[in-house]
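Both of the next two complexes hold chain A, though its partner changes from chain B to chain C.
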Partner chain A sequence: MISYIIRRLLGIAVTIIFLSLGTFALSRTVPGGPWMKNAEIPMSDKEVAAFKEKYGLDKPFFVQYGIWFWNAIRLDFGRPFTAPELTVTQLIFKQLPYSITIGGLAACLAIFIGVILGMIGAARSNSTLDNVIVSYSVVVGTIPSFVLGFLLAYFLAAKLHWLPAGGWGGPRNWVLPVIAYGIPYTGGVALWTRQCLLEAMTSDYVRTAYAKGVKERMVMAKHVLRNALIPMITSFLPMFPGMMTGSIFIERVFGLPGLGQYFVQSSSNRDYPLVLGITMFWAILIALTYLLTDILYGVIDPRVRLTEKRS
Partner chain B sequence: MTTLTQTPSTPATTSLSEERHYAGFWTAAWRRFRRNKLALFGMVYVTLILLVAIFAPYITKYKVEQIFPQDALQGPSAAHFFGSDYLGRDIFTRMVYGARPMLIVGFFTQIFGIIIGTTLGIMAGYLGGVVDWVVTRLVDLFSALPWYLIVLYLVMVLSPSLQNIIIALSITSWVGSCRLVRGLSMSIREQEYIEAAQALGIPGWRVVLFHVLPQATPLLIWAFAAGIPGAVFAEASLSFLGMGIRPPNPSWGQMLAEGGSYFSYWPHMLFFPSAFIILSVLAFQGLADGLRQAVAVNVNV
Partner chain C sequence: MTPLLDVQQVEVAFYTKDGVVRAVNGISYTLEKGDTLGIVGESGSGKSVSLLAMLGLIPTPPGKIMGGKILYEGKDLLQLKRDQWSGIRGKQIAMIFQDPMTSLNPVMTIGNQIDEATIVNLGLTSKQARQRTVEVLTQVGIPRAAERCNDFPHQFSGGMRQRVMIAMGISCNPQLLIADEPTTALDVTIQAQIIELVKRLQKQMGMTVIWVTHDLGVVARLTKKIIVMYGGSIMESGPIKPIYARPKHPYTIGLLASVPGATINRSDELHYIGGNPPDMIRLPAGCAFAPRCAYQTEQCLREKPGLIEVGKDHTAACWNLKTVEQNPVLAKSESRRAAGSQRG
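Coming up: the complex of A and B.
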């Protein structure tokens, strides 16, 4: 198990290095830069040279990458061009709680509602109720979260004044973004849960369990749920980092100061240190979640451990 | 009498049922497709939207950038079917023209994505070895990150415009079809007829082009259709963030973002883009699902 984790971590490190090299190369080879963006007050050649020298942009590519890499492994991604009073790392950790709160709560909501719907659908498969759940899941999955966000903000905030339409304060401000972000994902979760359960329910070992007289509740708890849980966990756990990064769109709708907003802003300002820092941060987070998922997979499913040792 | 008349008709009915039984791939596929209501809705909707986008100048009497300052921020009326926006532009006209970037992005992204994905997938699956290792690492790299991070980064580097969105989305959309084609060509490689072709001395590119690729066609049709809703979604999302279609050219995502700042008093600016973005993603999704059902049966055989 430990050698497996070490091997995976090395794999992640290689992927991250290649990713950083790719993004770094793109940012340095493409013409233009932060000094081009400000068209109203164009920088003079001298100012551009001074800017380049200050941020080390005049050095050869591999020297630049080497310096960046050496600093990055010590979690120092430099300072953003647009907000030099903070380091990139400080900025990421300052804005992260917003993205984690909204993304994490939305993922929880999506999984909670989705799993319940999926279980009902599987228990009453091919009934009218099941058809309604399946249709709901297909339709709801196609609604972009920012569209739903605007619609909710219009009806619940602007028309009925039940909840604030944006901003960041207490939990009351979280309700609409979390609903708007979570609901479109309930469809996918429900369909997947339903499919996993149905697959487990029609398998041979469940029939065998029934045949030897095991009570239905025991069959459900010991055989169906435990087996269905494996594919469910492997696809639901990566939803957390995925939804924390994807909150870009919902943050824009409700004017939340999350990390996604910074990514978009720094993208349009060509703020390379910040963009590279955020990209690396998300990539590492997502890769580690996949690793955690695979480890958990081994814990729940003993067969994985066996095959892992043999290979 | 009845037996007499029935006797000669028997061979006819058997030949008919035989014909039905051995119905061509496309006939059978259409029969399966027809059964899916959402798929039929998707087909009708997509056809209509295509026609609207192509014949946009004949459908609306205004121009996209035409401004009616005295009509600014008015609800739907006979003069402006969907109302007008904060500059007094006709929303119906902008919706009609806004269908163009959506369809162009959806179509070309998938074409390029499938060309890249199929080439890499066939190379990886058929050749194996080092090529396979490199392609698999690339696929891993691209699936490790959410698409919008890569796309936003690329759009930033390339600057937002229609063709750059297509480039950025194509670079991320090849992964799915690559994975499918790689798996398929790995299994096809082991088939006897490939061995036979190789034994006959047919060059590798011919084997790939005439023996491997045709097997992948149904799969690719589905992969093409299945990727379109995602691309439509992505175009709307990027334009919504201001990283997509640049004003004054209209796009639904961009109109949604504009509507977002006015929605508490003039909701019509918000509703039409919202409704059509949802309808379009749903329609393309339905079409793709129908195609999967229509085509998948033969894929498994």
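Coming up: the complex of A and C.
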């Protein structure tokens, strides 16, 4: 198991290096640069040259990458051009708690509601209730979170004054953004849960369990759920890093701090250190989540566990 | 004496998007305690479905029991509600399925899977259950049974998994064991082992066995009585010896002729029955086999024949038994051409 984890971590490292090289190259290939931020008052050639020299942008590509890489492995991602008062790392960790709170809660909400709906749908498959759940899932999955966000803010906050329309206060402020962010994901979760359960319910081994006299409730608990859980974990766990790194839409609609807007702005500002820093952070988070998913997978599924032991 | 099993006019249909699949169309037979019955037929002939109905394992919907009775010791199994099966499934009637690869739960040890049966049906404690599990695993010939209880299904070969399925089936000493094509997915050498194993267990435990197969060689080794099914109906039934020696129904004749011998003369063409199995949604009004039959008459297409007594306990469902009797070669040699000309 330990050797497996070490091997996987090495693999992740290689992936991250290639990703950084790609991101580094792409960000610099995109036309324009951080010195073109204000189009109305363009910097003079001299100022541009000074800017480039200051940040080492005049050096050859691989030298630039080499310097960045050397600093990056010591977790120094430099300072954002647009907010030089903080380092990139400080900025990420300053914004992260907001994004983790909203995104994490939204992912939990999506999985909680989605799994319950999926279970009901599977238990009553092809009934009217099931059709309603499937239709709901399809519709809800197509609603963008900012549209839902505006609607919620308009009705529940502006009209009815039940909840604050935005800002970062206490848990009351979180309710609307979490709902707006989480609900569109409930559809996919519900459909996948329903699908996994139905597949397990119609499998041969479940028929065997019934044939040997096991009661329905026990068949569900011991045979169906455990098998259905394998594909469910594989798809639901990676939702967390995706949602926890924030959504610019949710942050904008509800006036929240968070990482999402920095990610989008950094690339339109050609803020090279910030683009790379956030990309690396995100990539590592996603890679580690997949590693965790695979380890969990092995715990649940003996077939995976044993193949690993033998190799 | 009432028979152990009395199947009367069972009809099962499946409601699919394309139409109603008439899988089983009024089959009847009886089975005495201790007997062995072979049910033979090609895939889609309704043989498995009729047995799944016996354990209430037809998925409803889309499946539906359209009529009939299955009396087990006088009790109609088709009338049982969802929660009335305890004490019957697994305890009285056990079933072994076709595909041992998918019929065992991949995430449970086989020990736990067999324990489950005896815990549920016999009320054993988990310790007693494990003891019983080791006992039955040894009985079906799994070496180091106690150790192997902790293994998962994927750690067993196909033949070994089928042994595990059999061990699970016999763990509660059932009266009736239904084997639904248990050897189909296995190598020929393993097939023989499994057949011998079931034969031995049957003798030791005095079980009644229903063995479903499309392999005529298998039933010949196992059973005294067979039922030949086609298109959801019984075509011929009776003791195995007369049926093999002098089959009466054109379908049985064709089926037996289609069995290749172990030694084949390369120049010999393999025999087959021309045409295709019936579309179970649009079954012919008359005899299901009529479209492929060399003896087909107008009556065959119009009216479904009933089972006619042709010998001791031997029945066949055919309008033209006399013609077939007089010219049995036709069924072998002409069936292909008849079907061929029809297609053209």
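Methods note: the second predicted complex is superposed on the first by the 304 of 311 C-alpha atoms of A that agree within 3 Å, B and C clash if a C-alpha of one lies under 4 Å from a C-alpha of the other, contacts with A are read in each partner's own complex, and residues count from 1 in each chain.
The working rule: a residue touches a chain if its C-beta (ideal position, glycine included) is under 8 Å from a C-beta of that chain, and two chains touch if they have at least 3 such contacts.
Because the structure is a prediction, the values reported are computed rather than measured.
Peer 1: Mind checking the superposed model to see whether chain B and chain C fit together on chain A or clash?
Peer 2: fit
Peer 1: For A:Y205, using the defined touch cut-off, is the partner it touches chain B, chain C, both, or neither? Pick first, second, both or neither.
Peer 2: second
Peer 1: Using the superposition on chain A described above, determine whether A:Y154 touches chain B (first), chain C (second), both, or neither.
Peer 2: In the superposition, A:Y154 contacts chain B only.
Peer 1: Once both structures are overlaid, what angle do chain B and chain C make about chain A, taking C-alpha centres and a multiple of 10 degrees?
Peer 2: Computed from the C-alpha centres, it is 70 degrees.
Peer 1: Does the superposition put A:I248 against chain B (first), chain C (second), both, or neither?
Peer 2: The answer is first: A:I248 touches chain B but not chain C.
Peer 1: Considering only the touch criterion stated at the top, classify A:L19 as touching first (chain B), second (chain C), both, or neither.
Peer 2: In the superposition, A:L19 touches chain B alone.
Peer 1: When the two structures are overlaid on chain A, which partner does A:D130 contact: first (chain B), second (chain C), both, or neither?
Peer 2: neither
Peer 1: Check the residue A:K215 against both partner chains and state whether it touches chain B (first), chain C (second), both, or neither.
Peer 2: In the superposition, A:K215 touches chain C alone.
Peer 1: Going by the contact rule set out at the top, does A:I300 touch chain B (first), chain C (second), both, or neither?
Peer 2: second
Peer 1: Report the partner of chain A that touches more of its residues: chain B or chain C.
Peer 2: Answer, by number of touched residues of chain A: B.
Peer 1: Look at the superposition and give the distance in whole angstrom between the closest pair of CA atoms, one from chain B and one from chain C.
Peer 2: Superposed on chain A, the two chains' closest C-alpha atoms are separated by 11 Å.
Peer 1: Contact residues on chain B for chain A in the complex?
Peer 2: For chain B paired with chain A, touching residues are 38, 137, 140-141, 144-146, 148-149, 152-159, 229, 233, 236-237, 240-243, 256-257, 259-260, 263-264, 267, 270, 274, 277-278, 281-282, 285-286, 289.
Peer 1: Could you pull out which chain C residues touch chain A in their complex?
Peer 2: Listed in rising order, the residues are 55, 57, 59, 61, 82-83, 85-91, 94-95, 97, 99, 102-109, 116-117, 120-121, 152, 154-155, 165, 168-169, 172.
Peer 1: Touching chain B in the complex: which residues of chain A?
Peer 2: 15, 18-19, 23, 26-27, 30, 32, 138-139, 141-144, 146-147, 150-151, 153-154, 158, 165, 242, 245-246, 248-249, 252-253, 263-264, 267-268, 270, 275, 279, 282-283, 286-287, 290
Peer 1: Considering the complex alone, what residue numbers of chain A touch chain C?
Peer 2: Contact set of chain A toward chain C: 126, 202-205, 207-216, 218, 222-223, 226-227, 230, 300-303, 306.
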